[in-house]
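After this come two complexes, each holding chain A, first together with chain B and then together with chain C.
Here is the complex of A and B:
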């Protein structure tokens, strides 16, 4: 077994040198599968993972083929979930992937940065929604509304838009983005309070429907608040939105020997910023989960009557979960607006809410690595796999009519994945121990 | 001051009067039992005391304070702990976590301290955990600390539920059929345990119980409900020989026979 998997990994490393690209990367995924699922001793497994990290990185740098990114994500998952890998190795390999492999691949193919940033933004949001749905058990179908409020909070003042309704020197300089990350925490938490106060008095299906409706209200407001006073610039959206100046970052990178050009400097900056945010959000998640608040949320989810009889007030506790999730999403909205320099209502549809929820469910409700994996899987699926696949269909099978373009079936594929999940692995890809226990009960 | 004072409490479910104009009072430090046939309204009476339902009429005083209509969490904060007839543990949490939830109101960590896990938060968490462990020792569940509550055998689940109620540091403890499903030996242990709670912790205890041997041995006083109404109240001896009680339990015409 050990030799087989090692041979596979080495073969992939060789392939990467001879013929980097989609096919060799597919082979690499096979080798990763072997490493993860065959019975290997911890040493062999660790060795294999290190080899594969090297190979996927080289593959990405040499070909820019995004399957390599899936491989790296896979290794990260293996590092977080497989038993008996030394802790130091986990941390070291993980950091190497996040801080070296992905940036190097990004320089070869900037789309990798784009993917990494999108994955990161969605992962942070999935972690926020995880507090609401996974811990507190509140089914929120309007979560993208908070993302929208965060994004618009910065977009309006970080562009000329604010001139339409107030005096002042707009756009605010890019540095203000950091301040607005804090302000967005407040505005989105307040939005959470506003939506939560009526909605959270309801239970289960009713809560889902009402949050869905109120989420849509936010999007429609963004769509229509261009008259009588132009707050949001309606469906055209707001552009350009300021980005923070990054001279200091260029210098810092320069002193580390990294030479950045005009296209990659902001990409790398936002990629690292998003990584930092995920780190903070994970920390907040873990801290809350192990506090009286996290326990109160789980208690309410499990048995409201018993929880209340322990002195846990229902509405305030639920509101707190709701506002916490909202704030996570709001901060990421600010980064989203700045990174794309463009904000429009289209990014905050019901589908966006459902996609984020799908990430949480796919990864495993309540599970932190699960939420991140779910975000990675669905973002790569949406932005990359389906598009690549349709390109492939269009070029190699031109006789197929354009109506069956796979990229148009995003929702179908997405739905299919969730249905298969519910049948074969209802507890999610990386289940959290409590939800697993609850599932077994049912 | 009485531990509990209920005046003319009534609760209706549609046409059904589940609790009908019930008045009673419990002295501090007393062990007080509420008995009655199935469907008599005993559990509903507990639900009125703990705020799960507000009474349609009547008044409830806890240690002299009017708590009528307050929600359950507020009443819990007044020092009322309870268990449930059909055990309601947090099954997917560990035994220790169940107790920590029970201690919720005594863990004083503001939100932002919890978010950043500040030294204050750590200290409070550690203190709470110590207390929870002591409590587990007290009820004899130390070995089970890290097991999921739902995996405990029935008898230990009952114990854990009492422990969770104790974690609240209650002044008044309401136990809904604590001996249900127990064999005579376990029931005896339970009796000793409840008496210890009063002696060592000074808690006032109200219990609903069908096991008459236990009720007669443990209670200072007993109230009897039938069809939502209180039909008798008094010492075990008085209740045992009360003709209306005998009738309620054994049917009409049985009065005068053995109880």
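Here is the complex of A and C:
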């Protein structure tokens, strides 16, 4: 077993040198699967993971094929979930992947940076929704609404938009983005309170449809509040939104010996910023899960009546979960607005809410590594795999009607993921312990 | 301004009535499935959409061959009802039944499945229409027999033949369904399963079969509603079911979910309110708030009802069992 998996890993490393690309990366994923699921001694497994990290990194740098990125995320997940790997190695390898492999690949191919940033933003939101759906068991189908509130909070004041309804020197300078990340926590938590106060009094399935409705309301407002007073600029959206100045970051990187050009500087900056945010969000998630509130949420999820009779106040506890999830989403909204310098209602449809839900479901409700893996898988699927497939169809089958462009069929893919997961593996790919027990018992 | 509002009023009420009957027909499907399974069947809005698409296709292909518009509509309605009903049965069989067989107690699981099914159906229809005609916006062909119009009350109401047909058909369906549920053996079985699935199965009722029939009936009603909707509002897309679906659910809750006369009443009330706001909001705010906000009104009504009278207008209070 040990030799087999080592051979596979070495073979992949060799393949990366000879023929980097989609096929060799698929082989790499196979090798990773062997490393994760075969019976191996911890030393062999660690060695394998290190080899594979090197190979995936090389593969990404040499070919830019994004399957390599899935491989790296897979290694991260393996590092966090597999037992008996030395703690120091986990941290070291993890940091190497996040701080060396991905940026190196990003310099070779800027699309990798873009993907990394998007994955990060969605992963942080999936972790936020995880608090609401996974821990507290509240099905929120309008989660993108909070993302929208966060994004518009900065977009309106970080552009000339605010001049339409108040006096002042707009756009605010880019440094204010950091302040607005804090403000967005407040505005989205308040929105959560506003939506949650009526919605959370309702039983589980009514909550789903009410949040779905309210998510639509926020989108309709964003779409129509360009008159009588122009708050949101309607369907055209707001652009350009200010980014924070990053002179200090360029100097810092320069002193570390990293030379940045006009496109990669902001990408590396946002990539690291998003990483930092995920770190904070994971920390908050772990601490919340083990706190008094986390236990109360799980109790409510398992049995509302029993939880209430144990003295847990239902509405405030649920509201807290709702507002926490909303705040995570709001902060990422600010970063999203600044990174893309453009915000429009299109990004906050029902489809966006369901996408984030799909990430949580795919990874496993309540599971932290699961939410990150789900975010990586669905983002890559959405931004890269479907688009590549579209290109392929367009070039090789030009007679196919334009309406049958695979990139337009995200709903089909997400729908299939939701249904198949619910029927065959409702606990998700990386189940949380308590959830797993519950699903199996049933 | 008041004169202007009053002058429009008969037309607003008439249009609201049409919309209300559409909601009522779709709401019946939600309320029946909720009655037997306690599941919000999100996919029902897509069953409705499939009915509408079948209607468009029947008119597209048969209009040149069938001279009589009424006969054409009859074919479309029947075919739409059958296709939608069969789709509903398939959805139940392949998506919901496996969950029941496993005995999942987690309430989120069937809900998430329902959303997934809804998305799958939307894009499957989009795919079929894309391959078939390379179209996303489907336009209902107009047939002269059905487009005739009269002016009632000295021109206060402009009414089309097809609108009368829509109302007539929906009243017929509502009456028929009430008869079926209250007076037939199948109806007794459906009510028994709705009341207590396990006890019903002890009384010689096969719950799976009854649930399947319930989906068939609800689905066909939704499909017929879809055909009439396409006839009335003419432009259809594969994503057209979402808003009417959600509003029909609102109507079902408004009337008292699980309650058939309640669903009809809820649909009619919601249709009136929505049309009322859609027309008068721009007039009253001199154009500052447009018709787009009528959707917001429907959701606010939903929340308000759920907070103030969660059992709905005609529903009974059910205590939650521990």
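Quick note on the criterion: the second predicted complex is superposed on the first by the 433 of 442 C-alpha atoms of A that agree within 3 Å, B and C clash if a C-alpha of one lies under 4 Å from a C-alpha of the other, contacts with A are read in each partner's own complex, and residues count from 1 in each chain.
The working rule: a contact is a pair of C-beta atoms (placed from the backbone, for glycine too) under 8 Å apart; a residue touches a chain by one contact, two chains touch by 3 or more.
Keep in mind that what you see is a predicted model, and the values were worked out from it rather than measured.
Bringing the complexes onto one copy of chain A puts chain B beside chain C with no clash. Using the contact criterion defined above for the overlaid structures, shared-chain residue A:37 touches neither chain B nor chain C, since it reaches no partner.
When the two complexes are overlaid on their common chain A, residue A:305 makes contact with chain B and with chain C alike. Looking at the superposed arrangement, the partner reaching more residues of chain A, out of chain B and chain C, is C.
In the superposition on chain A, A:293 contacts chain B only, with no contact to chain C. Once the two complexes are overlaid on the shared chain, A:178 sits clear of chain B and of chain C alike. Applying the stated contact rule after C-alpha superposition, one finds that A:284 touches chain B and leaves chain C untouched. After overlaying the two complexes on the shared chain, residue contacts for A:320 are found with chain B alone; chain C is out of touch. After overlaying the two complexes on the shared chain, residue contacts for A:165 are found with neither chain B nor chain C. Using C-alpha centres, the superposed arrangement gives chain A a vertex angle toward chain B and chain C of 70 degrees, stated as a multiple of 10.
Residue contacts after overlaying the shared chain place A:404 against chain C, while chain B stays out of touching range.
When the two structures are aligned on their common chain, the gap between the nearest CA atoms of chain B and chain C comes to 8 Å.
Chain A residues 305, 438 lie at the interface with chain B in one structure and with chain C in the other.
Chain contact summary for the complex, chain A toward chain C: residues 133, 137, 139, 141, 198-199, 201-206, 208-210, 212-214, 216-217, 220-221, 223-224, 227-228, 305, 350, 354, 357, 361, 365, 401-404, 408-409, 411-412, 414-419, 422-423, 426, 438-439, 442. In the complex of the two chains, the chain B residues touching chain A come out as 50, 52, 71-74, 76-77, 81-82, 84, 88-93, 97, 100-102, 104-105, 107, 109, 111, 114-117, 121, 125, 128, 148, 150, 164, 168. Of all residues in chain C, only 38-40, 95, 98-99, 102-113, 115-124, 126-127, 129-131, 134-136, 242, 246, 249-250, 253, 288-290, 292-293, 295-296, 298-299, 302-303, 306-307, 310, 320, 322 touch chain A in the complex they form. Partner chain B is touched in their complex by these residues of chain A: 284, 287-288, 290-293, 295-296, 298-299, 302-303, 305-314, 320, 433-435, 437-438, 441.
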